[in-house]
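In what follows, structures are represented as structure tokens.
Below are two complexes that have chain A in common, paired first with chain B and then with chain C.
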Partner chain A sequence: MSSLAVEQLGFQYVQAKSDALRGITFEVPSSSITAIVGANGAGKSTLCYALAGFIPHFFKGNMRGAVRVNGMDSKQTPLAQLVTQVGLAFQNPFNQISGAKLTVSEEIAFGLENLGVPRAEMETRIARALELFGLEQVAHQSPYALSGGQQQRLALASIFVMEPPVMVLDEPTSQLDPQGTREVMAAIQTLAAQGRTIVLVEHKLEWIAELATRVLVLHHGELVAQGAPREILQCADEWGLNETRYARAARMARERGLVAKDVLLPQTLEQATNFFRV
Partner chain B sequence: MNQSFYLDRASGWHALHPLTKIAVAFALSVTAFCVRWDFISVALFVFVVIPFAVWGNIWRPVLRATFTVILPLAVSLALIQGFFFPGAQDVLFQIGPFALKREGLEFAFVTGTRLMLIAGAGLLVVYATHPADLALALVQAGAPYPLAYIIVTAIQLLPEMQARADGILKAQQARGLETTGSLRVRVSALLPLLAPLVYGALENVQERALALDARAFRAPRAKTSWRVLRDTLAQRALRWLLVMFSILLIVASVFVPLFIR
Partner chain C sequence: MIFIFDFFQPHHSHGTSNFKNSNPKLNLQLSNLDFAYPNGTRALNDVSLEIRAGSRIAVIGQNGAGKTTLVKHLNGLLKPTRGDVLIGDWNTREHSIAQLARRVGFVFQNPDDQLFKTSVREEIAFGPTNLQVAAGELEARVARALELCGLQNVRDTHPYDLQLWQRRWVTIASVVAMQTPIVVLDEPTTGQDAFGLQRLADLLEQWEREHVTVIAVTHDLDFAVEQFPELLVMAQGQVIARGDARVLNDESVLKRAGLDAPQLVRLANALGWADAPVNVRAFVAHLAQSKNTD
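Let's turn to the complex of A and B:
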């Protein structure tokens, strides 16, 4: 069953001369990690806003086609209702801190307060979120005192706690160091293991290859390819993406005639190990 | 990095309901304006603000912040009013064409000490009130939720902006910007410091607004609260008394040539 269905989606921002998105159609199965990749300006963030209902409810413009979240049409459903179905996390963890709370626990509670969740239930949900995202040790610290990785995990926990079945993550590791990236990716794996449907926009293709069940490629606002990560990432450079180090090494080996030409380039460490063993 | 004015202490002053603390600060400020005695603000500061600050174990930051804000203001007030107070006659001394006059200095003293009292009373509230409690108290008192949020984040924003300004200052100094020395040097350093600060703040506005909506900020339903506010009958009575006292004082000061002068 699909959690998200996008049908012929197009969007043009007010005062923009061209479409940010054109004729996009795809479905996201439940409990999967679907990655969206593309060069800068490909329309990835715009697509995230559309999936989460911020287009057309927050950003005004000319929207065509439809986005359905668990059967609800995003155009017809108020944003306040959509956010309980689709959670959206952004690139900059700092900007996702509400600014009105002094501790990590309180920050996680912010969305629940807005949804009118009773306090007793809040306690249970917050405790679960703290544990799941490894934030128990910093529960009483200021959100501003956390590292970048911890802040992004806090942002994910703050969305997770609202229990949306779908979570859209727009480059959640773009401002993080390798350690922070590892922390956030582990949290994303945990979310998927919990049965959440994840849509992940990410430039770090090695992580996409590792985590995603499916990859969509956006190019100049159009969906140009979709499929399994290993197949899709073969042509990463065609869409202006940096191929993984494993693919690069394998490509060089292939160019020097060290390996067969008809074998798919590896995208993960495990695939690379098998590739070079052959 | 402390991103809030709030100082967590286990004190009786901290434990009071936020509206009680606000009512105290309000009554103090009203008294300073309505009672016509030149030393009323100093008296209230010494005999009310400082004891309360000691009770809350926040006397050091309250005094430091009050005087950091007020001293430069007081000096400029004294100079401007002392030399240019309209209608002043009593010349204390003359520097060239400029005469320092007693009436101007008195006016500067009264104004400066009033500002000192208001700043001190305000800091008493801000340093001892958890921002979430303040927002909750305002909402429970009937303030719209977005307004309460704006008030709280505005208070929170100041230390955040200060931290950002410090970061920008260090970055600009690392690139050779001269920020110390003559007034001219300091003024010319302002633009490279202010421009990234203001631009950065504006740049983040959209993403912050999105982040709020992503967390159901505008959901049209009754909000709940993670924090629990304690209130007592005695505090409610005290708040009413302070408000009534303030209103009476305002009315009296309009109609009666009031008190000691």
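Let's turn to the complex of A and C:
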């Protein structure tokens, strides 16, 4: 079954001269990791807002087509109900922190309090969120005393704890070091294995090639390609994506006739090792 | 192009001169620098280093290693708990942040900490206006910053109507317009696509031509080794290694710093090559050579 179904989605922001999105159609199967890639300004964040119902309920403009979250039409469903189905991690984690809470644990509890979750269950869920996102050590610190990377993990934990079946993550590792990135990516994999549906906007193509079930490519507001990561990322340079050095080296080697012409460009270390060893 | 500097004559910004010659040679000197946050967290531990004018250095390391704390000492945003930071002949203890802003331009990690004007143009003009740059010169600086940062089409837009990656370019443009001899960039590659990274590489070239000292904090090691001849590796509040890309061949440095080697270094290791190429061209050259000798 599809967790998310998008049909002919278009959107134009109020006062914008052109469409941010045009004629977007795709489905996201349950328990999968779908990556959205594209150059800056391609419409990735706008699509995230639409998937999570912030468009049309928060950002005003002209929305066409439909987004269905577990069968519910986002236009017809109040945001308060949509947020129980789909959680959105904003691109800038600093904007996600409520400012109303004194500690990291309380910040994570914020959404649960609003849902009226019983105390004992709340504590279990918070402990799990702290662990999954490596925040146990700072549980009692102020959210504003955290580093950028810790704040980003706090933003993710605050969404995770709500247990939405679908999580939309807009560049969830932008502030993280390689180890933090690895931990968050492992958490994402765990969540997908447990049945969550993940939509991930990410610039780090090596990670997409490692993790994603499918890749969607946005280009000037349109969906121009979708499919398995290695195949889709062959044209990464044409869409303004920051190609892996593996793919770049392989392309240059191919142009110089050092490797076979008909082999797909590598996107991961393992693929690259096999590619260049032959 | 004509540039104006007024570091030494704060109230007389009329003397024009060539940027290259007027760019004062300001070395940075950090001596026995300790820093503890008010809650007692010790973020820097006896850091001593010198950065020569005109250097281009990437500061790398894990979150919490002290990178941002270190660079915030360079514009006086943080003052040492112990030790001294000298920007040329100025000790940061003895100069205000406003004074230091004449010497050190600073681009924050989070653009939203920095932006507060109602248009991109005003935002960029704010710094030089405070330096009392003459009107004609001001317009020239703003125009140049807009161009170098690819913001010509949004000059009249409110910064908060821009996307995050564009707001980051507005903060970079604000620093470009200050024409400081030293520039600090905290995570400039975050959220940039291939075009953005190329623009950043071009800007680094431009600054190099002008002998501007550039210090960048970054997690993007692939970009760091390609664009920065010198790396400063930090761990637990200390500088644990300094040098060119070869410092990342040292497994113990990587391990202490919690870093993964850049992609091409990892690939070279996996292929059993003795030395690690810093960029794609070097990698392919090595590959061609090994094919020839087969």
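Rule of thumb we're sticking to: the second predicted complex is superposed on the first by the 270 of 278 C-alpha atoms of A that agree within 3 Å, B and C clash if a C-alpha of one lies under 4 Å from a C-alpha of the other, contacts with A are read in each partner's own complex, and residues count from 1 in each chain.
Basically, a residue touches a chain if its C-beta (ideal position, glycine included) is under 8 Å from a C-beta of that chain, and two chains touch if they have at least 3 such contacts.
Values in this document were obtained by computation on a predicted structure and should not be read as measured data.
Peer 1: Quick one: on chain A, after the overlay, do chain B and chain C clash, or do they fit? Just give me the call.
Peer 2: Superposition result for chain B and chain C: clash.
Peer 1: Figure out whether A:Lys101 sits in contact with chain B (first) or chain C (second), or with both, or with neither.
Peer 2: After superposing on A, A:Lys101 lies in contact with chain B but is clear of chain C.
Peer 1: Of the partners chain B and chain C, which touch A:Phe58 in the superposed model: first, second, both, neither?
Peer 2: Once the two structures are laid over each other on A, A:Phe58 reaches chain B alone.
Peer 1: Answer with first, second, both or neither: which of chain B and chain C does A:Asp177 touch in the superposed model?
Peer 2: A:Asp177 contacts chain C only, not chain B.
Peer 1: I'd like to know which partner A:Leu269 touches here: chain B for first, chain C for second, both or neither.
Peer 2: second
Peer 1: After lining up the shared chain so the two structures overlap, which partner does A:Thr25 touch, if you call chain B first and chain C second: first, second, both or neither?
Peer 2: In the superposition, A:Thr25 contacts neither chain B nor chain C.
Peer 1: Name the contact category of A:Gln8: first (chain B only), second (chain C only), both, or neither.
Peer 2: neither
Peer 1: Could you tell me if A:Thr124 is touching chain B, chain C, both of them or neither one (first, second, both, neither)?
Peer 2: In the superposition, A:Thr124 contacts neither chain B nor chain C.
Peer 1: State whether A:Ser158 touches chain B only (first), chain C only (second), both chains, or neither.
Peer 2: Touch status of A:Ser158: first partner only.
Peer 1: Between chain B (first) and chain C (second), which, if any, makes contact with A:Leu258: first, second, both or neither?
Peer 2: A:Leu258 contacts chain C only, not chain B.
Peer 1: Between the stretches 38-46, 92-100, 146-154 or 164-172, which region of chain C is in steric conflict with chain B after the superposition?
Peer 2: 92-100
Peer 1: I'd like to check the shared interface: which positions of chain A are touched by both chain B and chain C across the two complexes?
Peer 2: 92, 94-95, 145
Peer 1: Can you list the residues on chain C that touch chain A in the complex?
Peer 2: Those residues of chain C that touch chain A are 37, 39, 61-64, 68, 109-110, 112, 163-166, 187, 190-197, 219, 221-222, 258-260, 262-264, 266-267, 270-271, 280-281, 283-284, 287-288, 291.
Peer 1: Write out the stretch or stretches of chain A touching chain B in their complex.
Peer 2: Chain A residues touching chain B: 49, 52, 54, 58, 79-80, 83-84, 87-90, 92, 94-96, 98-102, 105-106, 109-119, 122, 126, 142, 144-145, 155, 158-159, 162.
Peer 1: Under the touch definition given earlier, write down the residues of chain B that touch chain A in their complex.
Peer 2: 1-4, 6, 130-132, 135, 149, 152-153, 156-157, 160, 163, 204, 207-228
Peer 1: Touching residues of chain A toward chain C in the complex: what are they?
Peer 2: Per the stated touch rule, the residues are 38-41, 45, 91-92, 94-95, 145, 147-150, 171, 174-180, 203, 206, 237, 240-246, 248-249, 252-253, 256, 258, 269, 272-273, 276-277.
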